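Letters are used for the chains, namely A, B, C and D, taken in the order the chains are written, and counting of residues starts over at 1 for each.
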Amino acid sequence: MAADDETPNPARAVSKSRMEAFSDGVLAIAITLLVLDLAVHPPGSPLRQFLQGWPSYVAYGVSFLTIGAAWVAHNALTDRLDRSDSILLRLNLVFLLVVAFLPFPTRLVAESLHDTTDAKRVAVVVYGLTLLAIRLTFYALDVYSRREHLRLPGADDPDLQEERRKFRFVVVGYTITILVGLVLPVAAVVLYFGIAVFLVVPFRTVTQLLFGKHPQ
Amino acid sequence: MAADDETPNPARAVSKSRMEAFSDGVLAIAITLLVLDLAVHPPGSPLRQFLQGWPSYVAYGVSFLTIGAAWVAHNALTDRLDRSDSILLRLNLVFLLVVAFLPFPTRLVAESLHDTTDAKRVAVVVYGLTLLAIRLTFYALDVYSRREHLRLPGADDPDLQEERRKFRFVVVGYTITILVGLVLPVAAVVLYFGIAVFLVVPFRTVTQLLFGKHPQ
Amino acid sequence: MAADDETPNPARAVSKSRMEAFSDGVLAIAITLLVLDLAVHPPGSPLRQFLQGWPSYVAYGVSFLTIGAAWVAHNALTDRLDRSDSILLRLNLVFLLVVAFLPFPTRLVAESLHDTTDAKRVAVVVYGLTLLAIRLTFYALDVYSRREHLRLPGADDPDLQEERRKFRFVVVGYTITILVGLVLPVAAVVLYFGIAVFLVVPFRTVTQLLFGKHPQ
Amino acid sequence: MAADDETPNPARAVSKSRMEAFSDGVLAIAITLLVLDLAVHPPGSPLRQFLQGWPSYVAYGVSFLTIGAAWVAHNALTDRLDRSDSILLRLNLVFLLVVAFLPFPTRLVAESLHDTTDAKRVAVVVYGLTLLAIRLTFYALDVYSRREHLRLPGADDPDLQEERRKFRFVVVGYTITILVGLVLPVAAVVLYFGIAVFLVVPFRTVTQLLFGKHPQ
């Protein structure tokens, strides 16, 4: 109820705690539902079937890391949020819609990797567009909350700053990968994996940790 | 434990925080489970199969926006709630029962759109009745909490006021759409989509945002 | 961190908030997963198929109300809990194990109602034993937390008192229904529904509401 | 916002509450999704089919207790956590990735127990490696948070101390069981069950409870 001590615009001061709780719920469920599409792939010996299931494991990994990175960034954003408003709640819903949709193209990719090149192409492009849409809708959340001064004063969370530094590279990366996917779909899956790892690893902090340069 | 400083009726002062947490959980899960029913639709080329899956994407969109709007309204209601009581907890359970049921008629609609007109009719009517029941049970929550003075003093949340202004239009809209669905089921799905968008978009705030008339 | 101001036994003072959060999560997911087993039942016209799905709707209703009642009682118990301890956390896990198991016998009952009497018998008995186990494990939570003085001083929540008054009737009711189920399985399903409604309806509060006798 | 009163390194002081909420969500969903893989096993009479489903019940029990024990330990760790940082958030994601993966090998084990010895072997080894990975990633969380002084001063939670005492036995136990599984896969499942019970039961507290030696 931040409205009490600020009151310029009570109509916009909506508590942010339930937006966090709901978002955490949707993100946690979407990330956990991915397991339902893991499957071994006949025919062959049991070990062979298990190993042939690799496309579903790779797709699981990419989607898990991507939703995980989205959660870290979302967390960093709302952590410095002073309050929410009607528009931000709706933008957040659109962001969650795209994230909650991800298990579907993940399934398409996992199933297509034993299928024809045509099937792979469709799956990989739909997957890439969804991954890109997750970044873009999150970017909209970030821009809107800054434009409307919904943030607490002070520096932003380092995870959010890192997300911003990476944003351009990731958008370019996804666009190139989608184009690559039209020709070499399997290579695109490898690139998606690389981008997911790039998104999750906090390079600055890792560097500090390895070389002992604690900022103080 | 609002009871401590009010005590007219300790038997009715139940903490509201877990009602929020449980409701957020059920709403978040119901909205995320919708993805499990997305599917491509053979036969044809991979691209064609993907595009033919459109009924499941439309149904996904309608149900996602409807549950999202229900969450926004529920959030706005409990935000101004002072305390809960035994009856409100049960009314809330009935509301959640209907929302948690929605993925089933969503699946029926998605599957029926490639089926006979008869199948479409049944699916679209069951779907409409469920959507209507979500609004009506939420309305019961709203009326009961006002009648029993469970609200905090002061103006209601703008999202809740907007929900109330839209309530009659939406009930009339659903009733007409269900009747339309008996004759033209596909048209009814389009209308459901329109109502879902109408529910989610906060027209007043959008107008203010576009024309710069900040209420102050 | 209740330990700070009490300290007789720090080893037992574990924060209760995450126990609530985890329990809310499991209960909310179990109650929402029930929708996945709803299904229409061929053959016949679409309307007929939809109506023949009634066993799955009844089973959905019984299980939803039973988990809902378990949530209300659990909420009432932890609301007056001062702190948790290692044993209570484990008892709570066992309670959650039984609740999370419920969707399975629910599916068995829904599927068996179009099957042979033998199949119905097995399903109805397994279902009844699970419903009974939910009550018994909750009872263990209640007794343990009282014996170990984990409660806040003062009167218990009315919903918890009502749960206790109903406990004996419900245990006897389930036992009789399981025996009935061995002979007349469909009758047992009707009885389970009756017990679920009995569990959820707060008779005292409803009486007060209807006859205006507000306790003051 | 522990950063405010400590400030040596604001870049590392990330609020821990949403890490808890997200982790609780993923753990609660993973533990509840296990029910989806429970199944009876044809052919035979309904009772026989139900009883033949035992491998899925055993696997359900082992995985439920293992995730439950992971939750208790995670709870005990974050309870004494002062703040989180970028690296801990990512380590936590890896821990959640492994836990969220568990329903898949659980399904493999449940299905393999009616299959050839070869299939059992693969399933049991993959299952054991996942169980081991849950312990190891949790151990990494524990070690990292101590090394980086992210804990509150004072004694650790007794559940966390117990987890540490059990750690070596459990790692050795899993390793032996995986080797046993290569020869006698069914025996390995029994051993996994034993380790899960060993993980969940708080022996010290139970001893105190039984012999009345309350530490005071």
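Please note the rule applied: contacts are C-beta pairs under 8 Å (C-beta built on N, C-alpha and C of every residue); 3 or more make two chains touch, one makes a residue touch a chain.
Remember, it's a predicted structure, so these values are computed and weren't measured experimentally.
Comparing the residue numbers each copy contributes, chain C and chain D share less than half of them at their mutual interface.
Note: the chain lying farthest from chain A is C, by mean C-alpha position. For the pair chain A and chain C, the distance between C-alpha centroids works out to 36 Å. Per-chain CA centroids place chain A at a distance of 26 Å from chain D.
Each of the following residues of chain C touches two or more other chains: 21, 25, 29, 33, 36. Across the complex, chain C is touched by residues 8-12, 14-15, 18-19, 21-22, 25-26, 29-30, 33, 36, 85-87, 89-90, 93, 96-97, 100-104, 108, 112, 115-116, 118-119, 121-123, 126 of chain B.
Of all the residues in chain B, the ones that touch chain A in their complex are 20-21, 24-25, 27-29, 31-36, 38, 40, 45-47, 50, 60-61, 64-65, 68, 71-72, 75-76, 78-79, 155, 157-159, 200-202, 205-206, 209, 214-216.
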